[in-house]
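Please go over the structures that come below.
Both complexes shown next keep chain A, but they swap its partner, so chain B is in the first and chain C is in the second.
Moving on, here comes the complex of A and B:
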């Protein structure tokens, strides 16, 4: 058989296949957590233990899934159930003495003047340091009805995610909460 | 009790459950607000901070990966076929391991992209990124002309094994051939699992990549142990994953049948002394000639050759 001809044929097939696939491509697909399915953020199931499969299953160090506080939904509560461990003993400031986050990733800072006489009307900003967060979901499960407003959810951080073909978390997630979306719909 | 808002009542019940085992001095928690205060209700010029929404790696950086892949293959061909330099090829191997392995953390690689191509061909809804297609096709095209230049100094999985080759033994030819068939079995399995419907689809090559855990400096313990075992084995049996398991190697080997050029140990004068066959850790030299199908472009044979070193006339 003429080798040059065969090589050219194979080359043409490869190039043709590549062109076909490139034409078929329609934007980048990424993984995202469906908050309505994630057991840590969906309604109901109050009182259950936080699921930390996103931390343990992700192939990225810590995890590509981090807790994200949607500030426009945050109640800015005086005693935030996601910031404090509200079952710990009260200290002299009238606050729970322990923090909830095992990695101390949530920062709390007062907004405006603090009035000690009227604690319910003092607002605090809670900012999650997403470099420290490992997505364990402890704060997520606390910040939802009836204790919180559900502003904290778990989300895939695209600067961390390596976009595995089949996300390891999705393989483990009992709720099928991880889904693939086009990038513009996933943010 | 009816005067209390229902939400607070529910909160108290939950709290009662939560605090049963806790010390007595616990704050009676109730949520102070039912709706989130906004910038205007908080006042004092407060601005709601923006939520961080980091984007994936820039597109041009992904294209750069493909360019780096093509460039590394070009350099590999030049170093092996023209410069005939093992030393510089080792430098390229280390550079590739650093970039494709440890910096890019083993993703994306042509071996894994094979599955994406299969899925894209089988599932009309699946969108395959352009860079993945290019990553898959380029090494095959190169193999059609020059042989497995990708395997030599470019592939990160190959590079990590290449650098641990310590005291390679010659695998008996028959055993080598038989084990070599395993990669076609693996290829078939990988294709079989990839063409399944979306939810049951699995990507075996990525999931059982023995070295990606090292590249990412984290991974499942059993995969790290397996990777370590491959590296220990690789000290005595040259590049076991590449020769016996790599599914992409099967495709490359097939393309090299048509290759125009390949490693020729001494193009002008051959002594037929057989020293090169002993020096080849991959058993790729048969009857004193490099077999393109198996040659992994490592350039070790040159330094073993008396002609090449200028010792023989």
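Moving on, here comes the complex of A and C:
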């Protein structure tokens, strides 16, 4: 009986592995960033520098990882700490004079009614240009609580990812934040 | 002007709001109870308490989700004002001579009621023009002796002055990530208290400051004593100038006193 159980267990594991490989070969298993583990978006890590291993370790020339802004979570702030370098000098509009993104990949446009007496002080929609973004994580770490609302996270873009068997970012990631998921469960 | 840190009052669980009554007694709201510190008196609220305020007649008002509960000084429930729309999430309560004000963070507005609980008008409601830009999840304000309401408008890096009927009178404050006279980050100040001046708290990094009514910075009261991740730090000022600030991560109240020249 024990021998039978062991045989069944081995067969089940082999069958599961085979299904996984078939799904992976068909693009149904993908790599994705687990935001709860990513050091750039995990709550409670204040004052650390952004981790950029998603940029430097990906085998694709411009990393397959992108910063993504979840619009429903975004505070639409005027002084967005992911858009501006908020410690730079203040300009004539009363805003920081420098942007944060080294590739200028974040654009914004005012939404709602513009206050004629204070036109620079408004709600804004923030849009990340995925042709420029390389997933360096600088905006992600600035957007997270308590400074921001955590609306920006890093995500693997499946159309750019070559789906390596052992993702090189996952091998380098100290937080083990890259995980394989069925595509219907991934973001 | 300088302040020194004189005391930490440790707590447990969630600590969200504090208030000081006319006798200098400190009240705290959190979890599902109101606590009168120093007297070891506490009583339950029917929902988690987000704010507490003490009226001149000694009635204790607890701000909650969808309602305000009104207790006497011993914790006996006198009345409940329930309105899921007007009192979505009450994160601040204050008083003018003839009305009760409630900060509704769900709708980013201050509600004004008469003393019997009848709704009168909104304050700071017309977003985004002359309204409160609140990404933090709390609306906070204070009221001076002349019934002027000072509301934190963190999205605009201001403390705005309103009349009780909702007219915007002006503001103090501006964004600045370097000069401590300004408010830094995406959205500060988050909380405000009024006594002999304007007292504010900011998040990321946590900072407590005092301004005069013209907006001149008088003192940076504290910065590095708080947990770096705390935000929406409620603030209250006693009649003797004692400043009480909530550390929302440590669930503690930090007490500061002015250093005499």
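Worth a mention:
Here, the second predicted complex is superposed on the first by the 154 of 187 C-alpha atoms of A that agree within 3 Å, B and C clash if a C-alpha of one lies under 4 Å from a C-alpha of the other, contacts with A are read in each partner's own complex, and residues count from 1 in each chain.
Definition applied: a contact is a pair of C-beta atoms (placed from the backbone, for glycine too) under 8 Å apart; a residue touches a chain by one contact, two chains touch by 3 or more.
Nothing here was measured: the structure is a model prediction, and the numbers come from that model.
By the touch criterion stated above, A:102 is placed in contact with neither chain B nor chain C.
In the superposition on chain A, contact of A:29 is made with chain B only, not with chain C. Contacts of A:164 after superposition on the shared chain: chain B is touched, whereas chain C is not. Looking at the shared chain after the overlay, A:43 reaches chain C, while chain B stays out of its contact range. Of the two partner chains placed by superposition, chain B and chain C are both touched by A:89. With both structures placed on the common chain, the touch criterion links A:174 to neither chain B nor chain C. By the document's definition of touching, of the two partners only chain B reaches A:71; chain C does not. Shared contact residues of chain A with chain B and chain C: 46-47, 75-79, 81, 86-90, 94-96, 112-113, 121, 123, 145-149.
Per the touch definition, chain A reaches chain C in the complex via residues 43-44, 46-47, 75-81, 86-90, 94-96, 112-113, 115, 118, 121-123, 145-149.
For chain A in complex with chain B, the residues that touch the partner chain are 3, 6-7, 10-11, 14-15, 17-18, 21-22, 24-30, 46-47, 59-61, 68-79, 81, 86-90, 94-96, 111-113, 120-121, 123, 125, 127, 130, 145-149, 151, 157-166, 182-183, 187. Residue ranges of chain B in contact with chain A, taken from their complex: 7, 10-11, 14-15, 17-19, 22-23, 25-27, 29, 31-38, 42-44, 46, 48-57, 105, 107, 112, 115-117, 120-121, 124, 127-130, 133-134, 136-137, 140-141, 144-145, 201-203, 206-207, 212, 216-219, 255, 258, 260. Those residues of chain C that touch chain A in the shared complex are 127-130, 133, 135, 155-157, 174-179, 182, 184-187, 203-205, 228-231.
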